[in-house]
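You will see two complexes here that share chain A, one where it goes with chain B and one where it goes with chain C.
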Partner chain A sequence: MFSNLFKGKRHIKLGIYGPPNSGKTTIANRICKDWLGEEMGSVSAVPHETREVNIKEKITVKHKGKDITFNLIDTPGIATRIDFEDFLKYGLSEKEAKKRAKEATKGVIDAIKWLDDMDCVIAVLDSTLNPYNQVNITIVGNLAARDIPVLICANKIDKKKSNIKKIEAAFPQYEVIPISALKGTNMEEFYESLIRVLK
Partner chain B sequence: MPHQCVRCGNMYEDASKEILKGCNCGGKFFFFIKKESMQQMQEITSQLTEDDKKQMEQDAFELIGEEETEKPVVLDLESIRMLKPGKFEIDLVDLFKGAPLVYKLDEGRYIIDVATTFKSLSKKK
Partner chain C sequence: MLTLQIVPYGEIHNLGSDDRIKKLMKIVKDDKIVLMQGRLEPEEETGLIQKTMEEVKKSFRGIEICTIYPEEHSVEIFDKLRSQFAKMLLGNREGITIIGPANIVKEIRRDPNKIQLYTFNKSPRRKRK
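Presenting the complex of A and B:
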């Protein structure tokens, strides 16, 4: 049925990018749960849980009489340093931690390779952390250089240390949507902005 | 008016890109020096120990209410440096530019991902 509905129509590719542990997969899961009724991937407190690009096809978001259909692409966290010792404190064995580090490095390369295919990107930043770092600035700067529309999500606003103003100050030329993907806070505004950016 | 990096003592002219981007040594704080007091200033900074310089940087970060951010990763000709098994440094700027994947294993030992490089070249055509 769906193949007929969307015959000949190329779906928008919406990428989710950001540093590790900013909540990319939590947002992907939230979108999938809201509109498809199922989750997309596993989440973990250990950084670099997503080490492969994951795709969920044909998601239709409806808000205030408007709707948009896209393919959602959840990408591994982009980092400049990956150190297996960071994973040891989460109880991983040295062998597991080294394997995770290698896969995470490959994940960074893959995430960047996919960028040119994206029609629009949700940049997910952890609002409890300082946004002024090489990873955030490189991601947002490269999206701007490629003219890819960006929606910046200041995630984890349910946490005490969350500072939305700091993210807005760091990227004044972009629309910043504060959300808690985990709790589902402010998702209405998120979907409204998403439809506006994608249309 | 010149500016001097508080960490390494390098001098930069007004509007140098290093003043915005940070010094080549990674330092981000500069003394603003009037020409007449330049020599005097150079003498003072040359007497500062490494610990003094670090402390001054720390104080400055505290004054502006910023935690020191991680040093950016800028690699040489390699895009990925393998420091030891499970420890990697990635030059994101190179990767975003689509530069060939060059892994540095050790001083003078590199692996170049030729297949991916050719694939990306033919894609660009």
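Presenting the complex of A and C:
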């Protein structure tokens, strides 16, 4: 369906989108580590660790004789609510929590603004959580409305509660790739699908 | 007390995207839960999130939103075309959208066939004798 879509383009922009703590930066780090030998950003159990759009340029992925070069754009998690008091539970001081909340709201706005610039998006969903979440639906719906190709990653399959079938049932019209970005599980299938979508 | 405000499709049909978002935000910021007939366009949903983020402060911590939409993938092609034509003429009034302020609505859980709306429990203060 998307074949030849990006032919002739110099820099494909591959965005990583999803709700907070779904593992977007962990996937970005895995890709960068696998193909550049270095990580892209810091990860944390505290939500909204990534509060700015981060870009890594010219990443070339090679798989089974095929290769593709793109700019990777890791975006802040999209949320509909941000409460500084939620951050206090993670041991942040009130000042730090308020600062984090303020930066996080700006991060959400920036992530949405960047949507229009993307050539392709990896939608990262936490496979241990209910996928019928409005943020997931809004992200995938916006990509469909903008005709942006999307690869859905069911992340955290190393966890006991992971339920890939539920994600497949929620988004039946999309290819869902189960991975554990943290452990590096099933990354071969991920890269194969990524090249297929981008080529 | 929890207030649910019904927003029929006719009330938002003729509004532009910005005005729709403004209208919904006004209701939510009055600490009411919106029950809207139909759904916002995907771009309007992200517009609503952007507007929400711009307005987050100590007294307003965002929204919870949930859209229920009839399944389309199992519908026959003829019915699908007919429904799309109807949407072109009448607008997209199918489904229902629930939007609540995050200080009242803790979570809206949705499975394909049901919605569960969780609110914050505010234990009643005991009066001193």
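As a working rule, the second predicted complex is superposed on the first by the 190 of 199 C-alpha atoms of A that agree within 3 Å, B and C clash if a C-alpha of one lies under 4 Å from a C-alpha of the other, contacts with A are read in each partner's own complex, and residues count from 1 in each chain.
Going forward, a contact is a pair of C-beta atoms (placed from the backbone, for glycine too) under 8 Å apart; a residue touches a chain by one contact, two chains touch by 3 or more.
Everything numeric in this text was worked out from a predicted model, so none of it was measured.
Visitor: Put chain B and chain C onto chain A via the superposition and say whether they clash or fit.
Guide: They clash: once the shared chain is superposed, the two partners overlap in space.
Visitor: What is the contact status of A:Ala144 with respect to chain B (first) and chain C (second): first, second, both, or neither?
Guide: Touch status of A:Ala144: second partner only.
Visitor: State whether A:Asp83 touches chain B only (first), chain C only (second), both chains, or neither.
Guide: After superposition on chain A, A:Asp83 lies in contact with both partners, chain B and chain C.
Visitor: Report for A:Trp114: first if it touches chain B alone, second if chain C alone, otherwise both or neither.
Guide: After superposition on chain A, A:Trp114 lies in contact with neither partner.
Visitor: Based on the superposed arrangement, let me know which partner A:Pro172 touches: chain B (first), chain C (second), both, or neither?
Guide: Only chain C is touched by A:Pro172; chain B is not.
Visitor: Going by the contact rule set out at the top, does A:Trp35 touch chain B (first), chain C (second), both, or neither?
Guide: Neither partner.
Visitor: Can A:Ala97 be said to touch chain B (first), chain C (second), both, or neither?
Guide: first
Visitor: For A:Tyr132, is the partner it touches chain B (first), chain C (second), both, or none of the two (neither)?
Guide: In the superposition, A:Tyr132 touches chain B and chain C alike.
Visitor: For the superposed three-chain arrangement, which chain C stretch in 7-15, 43-51 or 79-87 runs into chain B?
Guide: Clashes occur only in 43-51.
Visitor: Per the definitions at the top, what is the overlap between the chain A residues touching chain B and those touching chain C?
Guide: Correct list for chain A: 78-84, 101, 105, 108-109, 112, 115, 130, 132-134, 138, 142.
Visitor: Report the residues of chain A in contact with chain C in the complex, numbered from low to high.
Guide: 78-84, 101, 105-106, 108-109, 112-113, 115, 130, 132-134, 137-138, 141-142, 144-145, 169, 172-173
Visitor: Within the complex, which stretch of chain B touches chain A?
Guide: Going through chain B, the ones touching chain A are 66-67, 69-70, 72-73, 80, 85-93, 95-96, 101.
Visitor: Please output the residues of chain C touching chain A within their complex, sorted ascending.
Guide: The touching residues are 41-43, 45-46, 49-50, 52-54, 56, 58, 61-67, 73, 102, 108-112.
Visitor: Tell me, which parts of chain A touch chain B in their complex?
Guide: 78-85, 94, 97-98, 101-102, 105, 108-109, 112, 115, 130, 132-135, 138, 142
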